[in-house]
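All remarks here apply to the structure that follows.
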Amino acid sequence: MTNVQVGVIGASGYVGAELIGILLNHPNVDVTKVSSGQNKGRLFSDLYPSYTGQFDQPFVDNETVIEASELLFICLPHGKSEALVKQCIDKGKKVIDVGADFRLDDLGLYEEWYGVESQFPDLHTSSVYGLPEMNREKIRETSLVANPGCYPTSILLGLYPAVSSKLVDMNTLVIDAKSGVTGAGKGLSDAVHFANKNEGFNAYKVGTHRHTPEIEEKLGDMGAGDVNVLFVPHLLPVNRGILSTLYVALAENVDAEKVHALYEAFYADEPFVTVLKKGNWPNISHVTHSNQCHIGLTVDERTNRLIIVSVIDNMQKGAAGQAVQNFNIMTNLKETEGLSMAAPSF
Amino acid sequence: MTNVQVGVIGASGYVGAELIGILLNHPNVDVTKVSSGQNKGRLFSDLYPSYTGQFDQPFVDNETVIEASELLFICLPHGKSEALVKQCIDKGKKVIDVGADFRLDDLGLYEEWYGVESQFPDLHTSSVYGLPEMNREKIRETSLVANPGCYPTSILLGLYPAVSSKLVDMNTLVIDAKSGVTGAGKGLSDAVHFANKNEGFNAYKVGTHRHTPEIEEKLGDMGAGDVNVLFVPHLLPVNRGILSTLYVALAENVDAEKVHALYEAFYADEPFVTVLKKGNWPNISHVTHSNQCHIGLTVDERTNRLIIVSVIDNMQKGAAGQAVQNFNIMTNLKETEGLSMAAPSF
Amino acid sequence: MTNVQVGVIGASGYVGAELIGILLNHPNVDVTKVSSGQNKGRLFSDLYPSYTGQFDQPFVDNETVIEASELLFICLPHGKSEALVKQCIDKGKKVIDVGADFRLDDLGLYEEWYGVESQFPDLHTSSVYGLPEMNREKIRETSLVANPGCYPTSILLGLYPAVSSKLVDMNTLVIDAKSGVTGAGKGLSDAVHFANKNEGFNAYKVGTHRHTPEIEEKLGDMGAGDVNVLFVPHLLPVNRGILSTLYVALAENVDAEKVHALYEAFYADEPFVTVLKKGNWPNISHVTHSNQCHIGLTVDERTNRLIIVSVIDNMQKGAAGQAVQNFNIMTNLKETEGLSMAAPSF
Amino acid sequence: MTNVQVGVIGASGYVGAELIGILLNHPNVDVTKVSSGQNKGRLFSDLYPSYTGQFDQPFVDNETVIEASELLFICLPHGKSEALVKQCIDKGKKVIDVGADFRLDDLGLYEEWYGVESQFPDLHTSSVYGLPEMNREKIRETSLVANPGCYPTSILLGLYPAVSSKLVDMNTLVIDAKSGVTGAGKGLSDAVHFANKNEGFNAYKVGTHRHTPEIEEKLGDMGAGDVNVLFVPHLLPVNRGILSTLYVALAENVDAEKVHALYEAFYADEPFVTVLKKGNWPNISHVTHSNQCHIGLTVDERTNRLIIVSVIDNMQKGAAGQAVQNFNIMTNLKETEGLSMAAPSF
């Protein structure tokens, strides 16, 4: 089998860089070209010196990347992907859009939360939301995958078994999520100056984060109906990882044993979701640098609430890793190919 | 005015050490003696080398500390204070118990959650829960203050205005709290090994933390009635600080403006509680090494929930700082004397 | 005694902010006004939210600060102070220049390393290098103190006893220094992005750091003669602190005992320099948030080299703390007034 | 080709755990069994939860591991390996000893520095010091490799070109090295308690570290003759990585260009050593989680000293990664097989 010729557009950002790291080790991939609007002409290894001598390609323009590739990963800010995707699809290329432009089916919601109007609405009917645990078969069939947001991935995986089994009262849902600093991207700001972030911790975008409608729409697809979720993100002084603590009232009288067994059964065949034994709780450090999602859960009998804790690496299962998982599905490769199954021990 | 002769029992632990740091700079205090069960004979500065040449006293036994002092700070694990407090009170000394033995009025609850039976129940009728913002006048009159737990301090200060004004439906309360590592104390364990904790973050004691009944009882005292709270603590990879995110449904139709104004008015005269301007959110790093509590809040209109974020330094307002605040009140000193009003900028 | 009316020029940078923190707690100081070129009109507490409600003054222009004050702290980049100092001195104000403009007596060296020509050379004859352990009496007499650089402070204090006693062969000196991130200042750059600096460590400006001529000139003043020093700084993933490891051959046959005794005697009366017991080594965390310098030393008999390790907090003894120490001396206050004698224990 | 049947003795420590992580992803390896003296019967994934569902094997005894394997990695404290190695070799197995027992050819030195006497001196004549860049051909031929220490690896790679070319005066060598916390191992102590190590940095074992004779002996093998080196290690608040700063006088008049060209030529064909372009300096974060060594260098003309900075991941090129590199050589696999060529970007 010949390798898939793969290009990365927007490769100078953190997600692009992580993707390059995974793709270079993927046995069935040739990385053709990489582009960056701001860094055209510079070497990838000048921006990311760990690749010195390993990947010294210069950033080129988007067109060169598209021409050279069968499949494109696009890692651009919202509003910047749609026209490029159109161009790629028209040329018969496959696309995995790692940004936000194709995540929402409801284009009105997209416009409301992102302030951008879709120019190619038809394109959205063929795109598939790339959460493999939910849409594996559709991903296999499509040419255009919308890679999920980092927070939604951790939250949706944590809630999917309970929501699809109608175990919980969604009106009571509280989502308290905590992310590492790479989630804020490569841009410079006081908030990510080491001296400010180190030994600091804070909530931000309280109730207003753009991942909110994505969480709501996909929970709806999972069977939750119309829901308004309360979602509060926080910024941790670590490089990687998201831990989401999910609180929701049990809709009927279900005990901890039964819920736990349901979760275990639900994810028994999933290579990248691990339900921990009762009494064990996940740690961000147990999944960083891997494509794993670890889930712990219990029922608080005093308040009849289900508590679920879900952790992922925001750069892997929350972005680049999941993109490659989608790539493997779209190209009929082994779903785990080229992906890290377990985090380093420290 | 002569200085108050103050001793510290259990001075080798983290809270004891922080207390020594504050007391040495307090203009109206002489530190007499310090004790430690495990470190008797060793120098304080051998355990805490930053005090080399500044406080080289050896740890002595408890009796020597008691004899030498008018007022005792006791920083011992639960179950270890009560008998010592009895001894001090019988000798006419004042006591600030920084541990858990006197925090709960309901001794049945204490026994249930801590597994220890009170030997001197009468002593508890005269003790006062040392949250100055709630009990300032009682603290002024008593000889025995029970210094609050770190999590309860951050949570109770965050909820006090809303609860006492009956603005919220307490059955919907969710408390998601995050603490720095010093909250786990000086003891060695895999959980606090640097290589495990660094770049890690996890929930622990989910729904089972011993501060739960303290939060519930004091919320009741504030006007909440009988409540079961859902409290989930997490352990941050920072040395100091607690950030509590509090979620609770508004009982009536109150808007963000009104709630915010209520909070500002409620704490207008408090030297150690700062309500942030709308749109600003507190950060652990803005209070560490100070006795401040910063509070930010908003109303999420989509879910009609009040969201309050409260931060303190677990070692200062959450332990040693608040103990000295109580000391100042009990001894008729200026309440802010010897305490840090503002965190260093970084 | 009335308080000294003190103003801070360039108060929006890290050193300015640290200085404000110290001065607000100083019992003999009134902070009059603060200035910032870039942040005029903004509140100090908007930049440094830990001061919310404690110091909400707006930044004004330099002239307003000068008019309102008897003594000025100037915290500006090199080349920006000299003209302002001239203006202050002409008006009869005292000045502590925390920047680099007056540190070097040799104005040729200054021009060579900083690329800036002095406009008021006469002013330099009256300025005193503000290392109190070296120049205490001159500081007491002057109206203009040049506050030392952070690296030079840690290095000069580490070498002073050995150099002034002619114990060492200066041609063999190697200085390997490591600084926390605040040493790089408040400016944004990839190098101080949390995701880059966290878990990172590197050498920088190898052999070319501008503190090199300052170290050389002052070592000369201490008795070293003309020396070229080899100085390599590194950037630690911590907020504060400098640790300098100093390697130098013993000029004559001196043993570890004798050198250690010499160091202890040399610094016996210094309030802010602590020579550790033999076998103990200093840690950055033992001095951060204090004005202390801790020094450990030994002789490696296998190579006949003296090894000295010196630690300070770059923001305190390395900048703002030392500036206040100089202030205390210049204004005939107790030298330790308002300064932290010991670091918090954690 | 059938996979090599590989066992790990002492797999519960940090080096063992890192090795398991690498071996599980190695395409030509089957991990047979793992042993641990203290953790027999426990699951590997109970100690290292990131392997939950991925490697849940119990720790067994050493004999079971040996019987099941063709090649053994032994990761035990000094003094614990030699007898086990004897047992393995007698049974015709190959061995890579990741501990210290076979690193020194001079058994007298071993006894002097480690306080342990060799029981099987003959065994040492056939062992090869496993620094592939130095001993590749010998490694290919032997059945017993002594994997180098972490500090020596970073230091020897940094000095090898200069020493073997006789460019430097070894009597002037100063080695200032800084290691991440995993270098101190899994054991609990105050020194690695998060609250102590976080924001801390210190020198330790100044001039007395056991890697000293290993550095000296191997430098001798490289052509340095008999040397006493001055080696001072420091402990960084990061999980991984060693940065060694090496200072040595140039023996003859060589300029920076020439030295740099020599280093580039020397390592041109080495897959795991990268000499950086002039003006670039390595960062620990550029090599962590990879088997790379990055080297930067310059000549300080003011002092005629060569300065070399060398970084590795102490757990990879400094331990487990280099062990697998040696494994690949010993088993005639591609030398880079299963190893990470480049660190993640963050």
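We just call them A, B, C and D in the order they show up, numbering each chain from 1.
The criterion applied here is as follows: contacts are C-beta pairs under 8 Å (C-beta built on N, C-alpha and C of every residue); 3 or more make two chains touch, one makes a residue touch a chain.
It should be emphasised that the depicted structure is a prediction, and the values quoted were computed from it without experimental measurement.
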Inset, instruction - Considering only mean CA positions as chain centres, point out the chain farthest from chain A. - result: C
Inset, instruction - With contacts defined as at the top, give the pair, B-C or C-D, that has more of them. - result: C-D
Inset, instruction - Go ahead and note the Å separation of the Cα centroids belonging to chain B and chain D. - result: 46
Legend entry - chain B and chain C, separation of their C-alpha mean positions in angstrom: 36
Legend entry - Distance from chain D to chain C - Cα centre to Cα centre, in angstrom: 39
Legend entry - In chain C, residues with contacts to at least two other chains: 14, 182, 195, 199, 237-240, 283, 285, 346
Legend entry - chain D contact footprint on chain C (complex, rising order): 172, 174, 176, 178, 195-196, 199-204, 206-207, 228-230, 232, 234, 236-241, 243, 245, 247, 281-285, 288, 296, 298, 300, 302-303, 305, 307, 309, 346
Inset, instruction - Please name which positions on chain B make contact with chain C in the complex. - result: 14, 17-18, 20-21, 24-25, 48-55, 182, 199, 239-240, 274, 276, 280, 283, 285-287, 289-290, 292, 294, 315, 340-346
Legend entry - Interfacial residue positions of chain A with respect to chain C in the complex: 14, 181-182, 186, 188-190, 192-195, 197-199, 237-239
